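Okay, got some structures for you below.
Shared between the two complexes below is subunit A, which pairs with subunit B and subunit C, respectively.
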Partner chain A sequence: MSKIVEGLLYSESHEWVKVDGGVAIIGVSDFAQAEMGDITYVDLPSEDDEFAAGESFGALESVKASSELYCPVSGRVVAVNSDLEDAPEAINEDPYGAWIIKVEMSDNSELSKLMNAAAYEQAAK
Partner chain B sequence: MKYYDRLVFELSKPGRIGFSLPEGGADLSAELPANIARQSALGLPEVSEVDVVRHYTNLSQMNFGVDTGFYPLGSCTMKYNPKINEEVVPQFNGIHPLQPACTTEGVNEVYEKMDAALAAITGMKHFTFLPCAGAHGELTGLMLIREYHMSRGDLARTKIIVPDSAHGTNPASAAVCGLEIVVVKSKENGLVDVEDLKPLLGPDIAGIMMTNPNTLGLFEHDIKEIAELVHECGGLLYYDGANMNPLMGVVRPGDMGFDVMHLNLHKTFSTPHGGGGPGSGPVGVADKLVPFLQTPRVSGFHGNFGVILRAYAYILMLGKENVKMAGRLATLGANYIKESLKDCYKLPIPTVCKHEFVFDGLLNDNGVTTLDVAKRLLDYGFHAPTIYFPLLFHQAIMIEPTETESLETLDAFIEVMRKIAAEAAEDPEMLHSAPHNTPIGRPDETTAARQPKLKFA
Partner chain C sequence: MEEQLKITCLHDLHVELGAKMSPFAGFDMPIQYSGIVDEHNAVRKDVGVFDVSHMGEIFVSGEDAEAFVNHIFTNDVRPLEAGSIIYGMMLYEDGGTVDDLLVYREFTDEPSYLLVVNASNIDKDYEWMKQQAAGYKVILDNQSDNFGQIAIQGPKAEDAVVDLLDLEDVRELTFYTFCDAEDEEGNRVIVSRTGYTGEDGFEIYAAPAIIRDMWQWLMDAGVKPCGLGCRDTLRFEAGLPLYGDELSAEISPVMAGLSMFCKLDKPEFIGKEALAAQKANGPAKKLVGIELADNAIPRAGYPVELEDGTQVGVVTTGYHSISLDKSICFALVDPQYAALGTSLWIHIRKRTFQGTVVKKRFYQTNYKK
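Up next is the complex of A and B:
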């Protein structure tokens, strides 16, 4: 049973979002990292890149597969966790601590389309 | 099997010589300009003849190939490479690619006859033999599609449709070609969802890439309708020949409505691959694309002629009648294994398959994964099937026996697969740590990917 953290929002493609004012902190769920297996490479965007909700902002590669990362909300990237370039295993070890990007949201109402912990628990079954 | 992992350089002893050069050879060092003259010692291994022979013989015994045993690697068509293919090669060994064309008419004849043979088998008009493998062929084919649209001044077609079950090379080749990828979904039964396809079609669609039978080994029986829809919107159909084996001599991509395709001579036409030799991915086109066939210069000279020659020998050896048998026997073998094991392994799509099929792990897994099953197979002397592909199923095991295996071999494989299922129920721990009888057990893939050591130090 994978871990799901209360208070975060979740996308159908298994990203989590932590809302911090107008900024969305984005990572991938425990379920996603467990399905992927040992992650070996994180393809990150650059600061100031803009993404629409549902658009791919990067990718994870593991020994098993490569998987796109989808931006759960629209906005501009204000921070990138570049530590992941040298330590992609942080996502396996602590998926909810190892954030990937922070996005300044252009439309906070998009958050209502994401799932809460209880809804995600059903979806990730 | 004796474990052996040394490099020939580790055997080197200063001054040991295995070959005597003729005395009084010319010293050319004075002739070379200083900027290209070697500054340090050459660093070749210093070994005797017997050192070299034992070294490579030991290394060769660490290998597994089609000549060693059953190799049911799904999607790869690891059929036997008939030795008669090799017999024809020496007769062409003396030819140089820069030789005047008027002195290589035998080679030209092989190309012409191979073009005609492949055209007859596929329903295409003509082939280019430049691409050196499947993905190289995909890129060439997509470049042809792009040339075709551009020649008509139709510059808006920047998107290509790829099914979610496609080989990863399809979207990769399309991206390299500068096309935007649009994914069409599969239905529950594993086939392309025509209803999901319809809204994607429009004036921005360059075409669709399809593998038929698809990666689940299922024949896309809506292909006629799909071809009509794609052609109606002005797009072209690309056929990925990776799974041509079951159709060879039975159904032709050209008749299904495909406009461009590649063949993997190293799969369907029995030439060595998977570390055994280079590939060849000739691209065939329908009538309307023939004028563009010479445009993409994707490799030097005329492609991998040695591979084309071997494949031509294979076609001649089979002849018209037996070409039809290869795919049918491959299909029969795959269905035989599938039906014999479906009470032990999860069969997500229980219909008749073509040359290959996919299980989704053990029925009663008891914590045993597909990786464990694959590793355990090595203990019994079989090459593992393709695992964790296609991505549609999380514990995918993709089995393709090919037509070259006897009933006895298929039965032996089935028996071992059943035994592993029983072992999973009794002793899952033993499977988690398999293989137990191979020189190397489970390489640390994670560290190899995260901190690769790319040279011997």
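Up next is the complex of A and C:
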């Protein structure tokens, strides 16, 4: 049974969002990391890159497969977790601690399209 | 209608162990148990066991067995002593590959053979062999459904097989030889010093019931179960081809760099003229190893390019190598770019990453000589 954290928002593609004022902190859910298996590489964007909601902002690579990362909200990247370059396995070990990017949101109303913990639990079943 | 997936004689035990199961070659197979990295490292440093019961076993006997196998097989079986094994391919007339396989020379006075073929190709191979058998006095017997097979691989494989499976004779086996044993019911058990990992190890062919017992003894002793996920990472690092990726109806052994297993000095075999022409004129593509400077991972199907973006090839298998901690791949490229040291670029998603052509045997193998 994968772990789902209360208070976060979730996308259908298994990213989580922690809202911190106008900034969305983005990572992937426990379900996503478990599906991937051992993550060996994270393809990260650069600061100041801009993404629309639903657009690919990078990828996770496991031994066997690669999986696109989709930006749950529109906005500009203000921080990238560069620790993941040397320690991609942090996503396996602590998926809700190992954030990937922080995005300054251009449209907070997009958050209403994401799922809360209870809805995500249903969706991820 | 979707074809029903087949299962091996160990299927319920994999499910019980919590394996991640997935279709492969028409079978529902375990991809991983504890994780690909953990299982891979067990085989490199200790010992692991694979269910490879999906592989095919086709027996060839009869007066013309030697001539027939030499007719359909690229390598030369004539010098084989009883109990020895040889690797090679079956080819189409045009040099494309029907399958790659192991040929076991049986302990019979008159030469007879066991051909071990890829699971995905069993039916195709058997039909192909029957078609080619016209005029030869041979008996072809596809026993694939009656044999289970496990592979015990790693530096501690010999101890595991001797201690846990009570097969003392295997210590005498050298790489690519085999011996026969019997189970309590008098069924045949074949043990060969072979594998697909680049490590020392054994493959055991036996009736499903005894394969289940052996698997259980190995589990009880704590030998790590290993899935097809690490079977692929292990064979890839050791420079071994996988049919479908590095060999196919379109990819000849000459293209794949496997000419040493094709004996062009034999009087004849199917595909010989085509291979000879490819060797003389140069093949259309060549398989190379490429090592990337970056950790981005080249996957099958990604384009291989020159610096200016011109595509000159395609990746066939790629990983971030577990044993070497580097991103490496096999790629089929235009032959003028196959020389060691050549710079090539791999297109991974939106970016390109520079790599260098290196030897295909990325990992130094540890076979029992």
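One rule holds in what follows: the second predicted complex is superposed on the first by the 125 of 125 C-alpha atoms of A that agree within 3 Å, B and C clash if a C-alpha of one lies under 4 Å from a C-alpha of the other, contacts with A are read in each partner's own complex, and residues count from 1 in each chain.
Just so it is clear, a contact is a pair of C-beta atoms (placed from the backbone, for glycine too) under 8 Å apart; a residue touches a chain by one contact, two chains touch by 3 or more.
Keep in mind it's a predicted model, so treat the numbers as computed, not measured.
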First, second, both or neither for A:T40, with subunit B first and subunit C second: both
First, second, both or neither for A:G22, with subunit B first and subunit C second: neither
Which of subunit B and subunit C A:K64 touches, first, second, both or neither: both
On subunit A, the residue positions that both subunit B and subunit C contact, one per complex: 38, 40-41, 61, 63-64, 66
Residue numbers on subunit B that touch subunit A, as the complex places them: 168, 388, 391, 394, 445-446, 449-450
Parts of subunit C lying in touch with subunit A, wherever the complex brings them together: 20, 31-32, 35-37, 40, 229, 233, 295-297, 299, 319-320, 322, 327, 348-349
Subunit B contact footprint on subunit A (complex, rising order): 35, 38, 40-41, 61, 63-66, 88-89
Residues of subunit A that touch subunit C when the two form their complex: 37-38, 40-41, 43, 59, 61-64, 66, 85
